[in-house]
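Residue numbering begins at 1 within each chain, and the chains themselves are lettered A, B, C, D and E in the order written.
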Amino acid sequence: MADDEVRVAPVRSSLDIATILGLLGAFSLISIAIYLGGSFAAFIDIPAFLIVFGGTLAATTICFSLSEVRGTAAIVGKTFFYSIREPAHAAVHVLQLAQMARRHGILSLQDVLDTLRFEPFLQKGVAMVVDGVPSEETEAILRRDVLAMMQRHARSASVLRRASELAPAMGLIGTLIGLVQMLSNLDDPSTIGPSMAIALLTTFYGAILANIVLVPLASKLERNSSLEELVNSIYVLGVASIGRQENPRRLEMLINSIMPPSSRIRFFD
Amino acid sequence: MADDEVRVAPVRSSLDIATILGLLGAFSLISIAIYLGGSFAAFIDIPAFLIVFGGTLAATTICFSLSEVRGTAAIVGKTFFYSIREPAHAAVHVLQLAQMARRHGILSLQDVLDTLRFEPFLQKGVAMVVDGVPSEETEAILRRDVLAMMQRHARSASVLRRASELAPAMGLIGTLIGLVQMLSNLDDPSTIGPSMAIALLTTFYGAILANIVLVPLASKLERNSSLEELVNSIYVLGVASIGRQENPRRLEMLINSIMPPSSRIRFFD
Amino acid sequence: MADDEVRVAPVRSSLDIATILGLLGAFSLISIAIYLGGSFAAFIDIPAFLIVFGGTLAATTICFSLSEVRGTAAIVGKTFFYSIREPAHAAVHVLQLAQMARRHGILSLQDVLDTLRFEPFLQKGVAMVVDGVPSEETEAILRRDVLAMMQRHARSASVLRRASELAPAMGLIGTLIGLVQMLSNLDDPSTIGPSMAIALLTTFYGAILANIVLVPLASKLERNSSLEELVNSIYVLGVASIGRQENPRRLEMLINSIMPPSSRIRFFD
Amino acid sequence: MADDEVRVAPVRSSLDIATILGLLGAFSLISIAIYLGGSFAAFIDIPAFLIVFGGTLAATTICFSLSEVRGTAAIVGKTFFYSIREPAHAAVHVLQLAQMARRHGILSLQDVLDTLRFEPFLQKGVAMVVDGVPSEETEAILRRDVLAMMQRHARSASVLRRASELAPAMGLIGTLIGLVQMLSNLDDPSTIGPSMAIALLTTFYGAILANIVLVPLASKLERNSSLEELVNSIYVLGVASIGRQENPRRLEMLINSIMPPSSRIRFFD
Amino acid sequence: MADDEVRVAPVRSSLDIATILGLLGAFSLISIAIYLGGSFAAFIDIPAFLIVFGGTLAATTICFSLSEVRGTAAIVGKTFFYSIREPAHAAVHVLQLAQMARRHGILSLQDVLDTLRFEPFLQKGVAMVVDGVPSEETEAILRRDVLAMMQRHARSASVLRRASELAPAMGLIGTLIGLVQMLSNLDDPSTIGPSMAIALLTTFYGAILANIVLVPLASKLERNSSLEELVNSIYVLGVASIGRQENPRRLEMLINSIMPPSSRIRFFD
C-alpha cells in the first residue's frame, strides 16, 4: 500500500449511522404501535412531558454544576454528527503523512493541512510540527488535550447515567400525582379511565427517556471516548514521530503496539 | 496576567446556583402538575409526612450515631450557601499572594488577610505564615485539616445515601399501612378512593425525598468534596511555598502538577 | 491536661442512644400512623408474623450454621447495651494509665484495675502487664483477640445482611399465599377486603423487619466493629508501651499515627 | 490433651443440621400458613410446577454445560448429608495422628486407616504416607485435589446463583401466561378468581425456589467450600509433616499459622 | 496411552447439546403451558413482537456500532453449532501430533492436516509449521489471533448483556402503550380484557427474550470464550513445540501448567 507516489486521503466528516438508525428505528416502532392502536393525541400531555423531562433535568442539575450539564448537551450533540474514524484508517493516514514528510520534507505537510480540517486534533498537531515547535513540547500539549477530552467525556457520561436513573423516578412521581388526583375525585366513573391513562403517561415518558435516549447515549459516549482516545493516541505518536524525523517503519511498530490485536495494520510490505 | 502592580482579588461568598435552581425547578414542576390537576389539599397529609420523613430519619439514626446525623445536616446546609471556587481561580489567587509576598515581603500579606474571610482555610494558612509558624508545621496542620474535612464529607455522603435507600422503604411501609386500613374497612365504597389516595401519599413523599433531595445532595456533596480537596490542596501548596519564600514560578509548576488537565493555568507568560 | 496529680477517670457502661432512639422513633411513628387510621387489631396476625419472622430465620439458617446464627443474636444484643467509647477518650485514658505507671511504677496499676471492669479488653491487657507477662506476648495475645472479634462481627453483619435480603422475599411469599387463598374462594365478596388486608400484612412485616431492624443493625454493627477495632488497637498500643516502660510521649505519637485526622489528641502540653 | 497414651478419635459422618432444620422450618411454616387458610389443593398445579422448575433448569442449562448442571446436583446432594468438621477438631485429629506416627512409627498409622473412612481425603493422604510415597509428591497430589474441589464448588455455586436469578423470571413468565389467558377469556366472571390464583402460583413457586432453596444453598455451598479448603489444607500440612517425620510441635505451629484467629489450638501443654 | 503406533484421532464437528436442549426445553414448557390453557392465537401479536424485538435491537444499536451488532449475531449463531472441545481431549490430540512429528518428522503432519478441518485454528498452526514458518513467528501470529477472538467475544457478550437489560424495558414501554390506549377508551367494557391481554404480551415477550435467550446466551458466550482461550492456548503451545522439535514430554509439562487442576492429563506413562 506504500508505493512510490505518496497519497494522503482527505478526511471526510460523517454521521454516526448506528446512533441515528437506532433512534429512528426505536421511535418509529413506538409510533407505529401507537398509531395501530388509536390516535396519537392520547399520548401527548404537556404537563406530563414537563414533569419528566424538566424534572429529570432539574434533579440532574442538583447533582452537578450548570456548566457540567451544559457541557453534556454539547458533547451529546457532537455524538450524532460524526462517527469516530476506524483506528486502522487513522493509522494508515498518519503513516501516509509520515512517509510524505520523510520523502519531501516536513514543510511539504503544509500543503495537506487543509485536508485535515475534519480532524482538528490531527491538524493542530501537524501545524505545530510544520511551525517547528519542538517534538517533546508538541507531544506534551497533545497528550494533555487527550486527557482533558477523556475527562470531559467521562463527566458527561456520568451526567447521562445519573439522568437515566432519575428519569424513571420522575415518571413514577408524575404517575403518583395523577393517581392521587384521580382517587381523591372518584365522583364521575367515566373519567377514571382517561385520568389513569394520563397518570401512566409520565411512567411511559420516563421509560422512553431512560431506556431509548439516556442509557444508550451514555453507552455510546463511553464507547466513543475510548475509541477516540485510541485514534488520538495514534495521532500523537504520528505527530511526535514526524517531528523527530524518524523512519515511518518505526512509527508503524509503535502504532501496532497500542492497537487492539484485531486492528493491527501492515502498511509497509 | 502577572504585570508589575500585584492585584489580589478579594474572595466573595456565593450561592451554589445549580443546587438552588435544580431544587426550585423540580419542586415548581411538581407543584404546577398538582395545581393543574386540582387542589393542593389532596397532597398534604401530616401523618404520611411524619412516617416518611420521621421514619427515614429514625432508621438512618440507627445506622449511625446522633453526632454523625447532626453533622450531615450541618454539611448539607453549607452546600446551599456557597459554591466551591473554580480550581483555576484559586490557583491564580494563590499565585497573586505568592507574588505579593515575593515582592513586598511576607508581612505585606497582613494587609490582605481580611479579604480572605470567605475562604477561612486559606486565611488560616496565610495567618500562620504571617505569624512566622515554620513552613513544615503549617503544611502538616493544613493537610490534617483537609483530611479531616474529606472524612467528614465522606461520612455525611454515606448518611445521605443510606437515607435515600430507606426513604422509599418508609414510603412503602406507609402505603401498606393505608392499604391494610382501607381493605379491613370496605363497608362504605365512597371512602375507597380517598383512602387509597392517602395511602399512596407516603410512596409519593418517599420518592420525592429520595430522588429529588437525598440522592442529588449526596452526589453534590461527593462532587464538592473532591473539588474542595483540590482547591484546599492548592492552598496548602501555596501557603507552604510562601512560607519557604520560593519563587512563584516554581509554585505554578507544583500547582499544575496536581491540576486536572483541563484546568491547568498559565499565570506567568 | 497532664498535670502533676495523675487522674485516671473510671470507665462507665452506657447505652447506645442512637440505636434505641432510632428504633423507638421508627416504631412510634408507625404505631401512631396505625392508631390514627383505626385499630391495631387489623395489623396483628400470628400466622403472618410466623411466616415472615420464622421463615426469614429458617432461610438464613440454611445459609449459615446454627452457631453463626446464635452468635449473631448475641452480638446484636450487645449492640443495644453499650456504645463504643470515643477513640479520643480511650486514647486519653490509656495515656493517663501510662503516665501513672511511669510515675508510680507498673504495680500501681493494680489499684485502678477494678475501675476498668466495663472495658474488659483493656482490663485483661493491664492485668497481664501487672502480672509481669512479657510485653511481646501480651501484645500478640491481645492482637489475636482483636482479630477474632473483628471476624465474629463481620460474620454477624453478613448474617444480618442476608436476613435483610430474605425478609422481603418471605413477605412476598406470605402475600402470595394469601392472594391465592382469597382468589380461589371468591364466593363471598364481603371477605375480599379483609382477606387481602391479611395477605398484605406479611409484606408489611417483611418491609419493617428488613428496613427498620435488619439493614440498620447490620450497618451499625459494621460501623461499631471498625470503631471498636480502633479503640482496641489504641489499648493494645498502650498496654504494650506500658509493658515496655516507654515514655508516654512516645505512646501519644504512636496513637496519633493510627487515629483518623479528626480525632487526633494533644495530651502533653 | 497430649498425654502418654495416644488416642486417635474416629471420625463420624454427620448430617448438616442447619441446612435440614432450615429447610424443614421454612417449608413447615409455609405449609402451616396454607393449611390455616384453606386446603392444599389450591396450591398444587402441575403445569405451573413444570414451567418454573423445568424452565429454570432449562434456562440454566443454556448458560452452562450438561455436565456442570449434573455436577451441581451431585454437590448439592452432598451438602445435606454431612457437615464439614470444625477446623479445630481436624487440627487436633491430625496432631494425634502425627504424635502416633512419631512415637510408634509411620507404619502404626496402618491400624487407624479404617477409622478415617468418613474423611476420604485424609485417608488417601495417610495411605500414601504409609505406602512410602515421597512427601513432596503426596503434598503436590493432595494440593491439586484441593484446588480441583474448590473449582468444582465455585462452578456449582455459580450454577445455583444463576438459577436463583432465573427462577423468579420463570415465575413471572408463567404468571403472564396465566394472566393473558384469563384476560382473553372474560366471558364467565366466576372463573376470574381461580384463574388468577393459578396464574399467581408460578410467581409463588419461583419465589420459593429462589429464596428458600437456591440462594441459601449457593450461600451454604460457598461457605462450606472455604471451610473445607481450610480443613483440607490442615490435612495436607499434617500428612506432609508426618511424611517428613517432623516434630508434631512444629506441625502445630504450621497449622495455627493458617487458622483463623478464633480457631487457633493449643494441643501441646 | 502413548504406545508405539501413533494414532491421531480426527476431530469431529458437534452441536452444543446444552444450548439446544435448554432452548428447546424452555420453549416447549412455555408452549405446553399455553396449549393447556387455551389457544396459541392469544399469544401472538405482530405489533407487540415488533416493538419488543425491533425496539431492543434498535436501542442496542444506539449503544454500539452496526458492525458490533452484526458481529454479535454471527458469533451467537456459531454458539449453537459446535461445542468447544474438552481441554483434556485437545491436549491429548496435540500430544499425538507432537509425537507423530517427533517420530516421523514434521512433514508427516501433512497427511493429517485434512483431519483437522473442524479445528481451523489448529489446522492453520500446523500448516504454518509444515510450511517451515519459524516457530517464533507462528507463535506470535497465533497468539494475536487468540487475543483478537477473545476481544470479539467480550464485545459480543457485552452487546447481549446490554440487550438483555433493554428487552424488559421495551416490554414495559409496549405494555404502557397498550394500557394508555385501553384506558383512554373504556366505552365498551367487553374489550377491556382482550386489550389488557395484548398490552401484557410485550412484557411477556420482553421477559422471554431477556431471560431465556439473551442472558443465557451471554453467559454461554463468556463461558465458551474462556474455554476456547484455554483450548487455543494449548494449540499454540503444541504448534510452537512441534516447530521447535522439542520432546513431547516437555510439551505435556507445559500444557499441564496452564490446565485447571481438574483437567490435567497424563499422556506419557
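The definition used in the following text is that contacts are C-beta pairs under 8 Å (C-beta built on N, C-alpha and C of every residue); 3 or more make two chains touch, one makes a residue touch a chain.
Given the structure is predicted, the values throughout are model-derived calculations rather than measurements.
Chains that touch both subunit D and subunit E: there are none.
Taking each chain's centre as the average of its CA atoms, subunit A and subunit C sit 49 Å apart.
Counting only residues that touch two or more partner chains, subunit D has none.
Chain contacts here close into one cycle, and each chain has exactly two touching partners.
Of all the residues in subunit C, the ones that touch subunit B in their complex are 17-19, 21-26, 29-30, 32-34, 36-38, 42-43, 83, 190, 192-194, 196-197, 200-201, 203-204, 207-208, 210-212, 215-217, 219-220, 223, 260-262, 264. Those residues of subunit E that touch subunit A in the shared complex are 47-48, 50-51, 54-55, 57-66, 69, 144-145, 147-148, 151-152, 162, 165-166, 169-170, 172-174, 176-186.
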